[in-house]
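Following this line, the structures themselves.
Shared between the two complexes below is chain A, which has chain B as its partner in the first and chain C in the second.
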Partner chain A sequence: MIETIIKCEHATKKFGDRFALNDLNLEIPKGKVIGILGENGVGKSTLFRVLVGLTRLDQGKITVLGEQPNIKLNANIAYLPDRASWYQDQTVRKAFEFGVKLLPHFNIERAKQFASLMNLDLDMKVSSMSKGQESRLMLTMCMSRNVPLIILDEPFSGIDGTSREHIIESMIDYMSDREVTILMTTHEIYEAEGLLDYAIFLDKGHVLIADEAENLRREHGSLHDLSRKLYR
Partner chain B sequence: MDAKQVGSLQFMIDFSLPLYEQILNQIRSSVAKGEIGLGEKLPSVREMAHSLKVNPNTVMRAYQELERDGLTEKRRGQGTFITHDKDKVAEFRDDLAKEYILNFINSMENLGFSLTDIQSYLKIIVREGHPHDRNNH
Partner chain C sequence: MLSVYWNLVKHDLKYRSNKNFNWKTFRFWTYVYCILFIIGVFGVFTYGSFHWKINLTTIWYFLWILPFFTFGMAIGKLKDEFKNGTYGWWLTLPYPRLTLILAKLSACAIQVVQIIIGIFVLITVLGGYISFLSPEGSMDRFVNFVKVGLTWNVIVILFVPIMLSLGLVVGVLVQSSLKPFLGFFWLLWGLFWVFFNVFGTKDNFGFFQSFFQTNPIRLETITTILTSWILSFLILILMAKVLEKYIKL
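== the complex of A and B ==
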């Protein structure tokens, strides 16, 4: 029996006339790295925002860690939004102090290690950072929390190849040490190929394919190739 | 597809095929070829996953299968080791040989050759010498 961490039943969300989520039914397995894949506008970011309680469904039901999305639940979820900057006037060090005070289960030692891996200087000011550096800081804030669920919206966007490799290796180490479910969207499927052990391809707000990555590889080849076939 | 070295083991990982089977088969053949010796320690799941850039769940699955085969033993707090049992490895080499030969027979039968045909081809090849030997002379 596979335990599920997230369950969507007939989840529907409309923005104007456009369905962002259209009768979405989904069970997301626990303890895996799950790729939510698809082109822009298929509903990936909306799904994530619903999971962390930032957006409400019009119809249907979603449960996360056995509960309906709510603020309290977010103590157990590390979320990297698709666009964000919270710490403009601060340094990396200050951001970490903020993390210790305000982010549940934030581990500052881990944050410092991650930052050095990401080439972030502790005294660097957020306002003087490039887009890529800022993304790396945001990701550091997420990956430094000991939580059962991590949700990453495009963690590799604006991040160069070497840092991407470091991020993937860090995720692998993180997973080796504890049970965690990582849900991520990415356009760089090629780079995350070995990391993903479950893939969900969305189109127009509903599920095209959801299966173990190994099954998909056996039937269709690499996830990258499958994605190219699906969204041709 | 690039070659990756993890401890004494070499891997070629192709992301268009199931990963756990590749890890499993490549460790199996390293054992069969003696590239990793009896009683030798396998890299930890963490180390293997990190070096191959593969999810630890995938590596764990391959390790569990090796243990079920009896090719490895887990020692509490120490990690996973190749079995000390020589017979076990010999038996495994036997199985591997049979598997390859069955695959070969299968392909030949698909081409329309009978077992008798295959035998006569093998006899000819044995008489003329192994192709590798011929190349060397």
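== the complex of A and C ==
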């Protein structure tokens, strides 16, 4: 039996007349890299915000790591918000100090290793970074925490194609010896394909398809091709 | 939890602006305007001390700007997280919302107190300068001036918590689904100041002047300060709940 880390039962969230999550039923398996995929506005970011307790459901129930989303639970979740920025006055080194002091289970040694993989200079100030470098720093802040669940909302936004490939390779390498579940959204399905073990395609707040990436690839060629078929 | 709180305070003490903000230019022009302002004030009072009869203690009226400044600072501290796109990090820190906002307000309070002390020193220097220049200037007059200033600086500092928490109300409500209640808040705010000015007026001098001419350390003052602290704490608890349940992202 597959162990689940997140369970959604009839999860519903409305903004005005629009359903962001519409009677969403979903079980997310533990220990895999899961892609929550779909076009803009299908409910991916809303789902993530509900998981970390930033947004509350109107109806239904969600359990994360066996509990309903709450503030204390975030000690065990690393979350990279969508369209986020990092604190502009900090250097990479200061950001890591912030991590040590305020982010539970932050591993500074791992952060330094990951920063090196990401080509980040420890003395570089965030205000002088490009959007891509800032995204890499935020990804590093999340990936350096010893937590069972990492949630990444568009982690590759603003990062150029070549760097994206490099980052994905680093993430695969990082994942190889760790018991962690990574939940991520991305529009770069083609490049992230190799990273994903499981894919969930959403549309209008509910699940279109959820299956092992391997099964989907066998049936449809690739996740990228499947995505094009689904959202044509 | 205390170390987390203190780390949050230290983190919030840093002044932040977004990437596009030209901090160097801003700092340069702030210094320029401050120097021009100080030169202007000293110039006017140098002239005035020879031609007018200056009531030194009236200079302390300037302190009434500070509560409004404090109010605005609290709004800005919260607004920065949303304006700079860091709210996602801040609101998902695994600590009670009360701790998060208390840390922000504590950082604000430290900064406000630093500013108040700075202004106190500056005005004291100005008062000393005028006393020195003025024909009727005396050491006693200057000592009395400093005493009045010190008393009122302390009183303004004691009202910092309520002004910060009122600023917090605006800062939080504006980001929440309870934003429509802001209109109600501004109405109450306006009525409070009308009440304060109309009913506080004494004799022909107006409220502020009469306050400066009488001893402010009275039972009513102490009761008002203690009540304002309790009210501040209740507002903090209420806003922590709003931040937890009604935040609109």
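Here is the rule we go by: the second predicted complex is superposed on the first by the 231 of 232 C-alpha atoms of A that agree within 3 Å, B and C clash if a C-alpha of one lies under 4 Å from a C-alpha of the other, contacts with A are read in each partner's own complex, and residues count from 1 in each chain.
Basically, a contact is a pair of C-beta atoms (placed from the backbone, for glycine too) under 8 Å apart; a residue touches a chain by one contact, two chains touch by 3 or more.
Predicted model only: the values in this text are computed from it and were never measured.
Engineer: Kindly classify A:71 by the partners it touches after superposition: chain B alone (first), chain C alone (second), both, or neither?
Structural biologist: A:71: touches chain C, not chain B.
Engineer: So, A:7: does it touch chain B (first), chain C (second), both, or neither?
Structural biologist: neither
Engineer: Touching A:204 in the superposition: chain B (first), chain C (second), both, neither?
Structural biologist: So A:204 meets neither chain B nor chain C here.
Engineer: Go through the superposed model and pick first if A:52 touches only chain B, second if only chain C, both, or neither.
Structural biologist: second
Engineer: Name the contact category of A:187: first (chain B only), second (chain C only), both, or neither.
Structural biologist: A:187: touches no partner chain.
Engineer: A:175 in the overlay: touching chain B, chain C, both, or neither? Say first, second, both or neither.
Structural biologist: A:175 contacts chain B only, not chain C.
Engineer: Going by the contact rule set out at the top, does A:32 touch chain B (first), chain C (second), both, or neither?
Structural biologist: first
Engineer: Common interface residues of chain A with chain B and chain C?
Structural biologist: Common to the two interfaces on chain A: nothing.
Engineer: Using the touch definition up top, name the residues of chain A that touch chain B in the complex.
Structural biologist: Residue positions touching the partner: 31-33, 165, 168-169, 172-173, 175-177, 193-197, 213-215, 217-218, 221-225.
Engineer: What does chain B use to touch chain A in their complex?
Structural biologist: Contact set of chain B toward chain A: 13, 15-20, 45-46, 49-50, 52-58.
Engineer: Would you pull the chain C residues touching chain A in the complex into a rising list?
Structural biologist: Per the stated touch rule, the residues are 3-4, 7-8, 11, 14-19, 84-89, 91-97, 244-245, 247, 249.
Engineer: What part of chain A is in contact with chain C in the complex they form?
Structural biologist: 49, 52-56, 71-75, 77, 79, 81-89, 98, 101-104, 127
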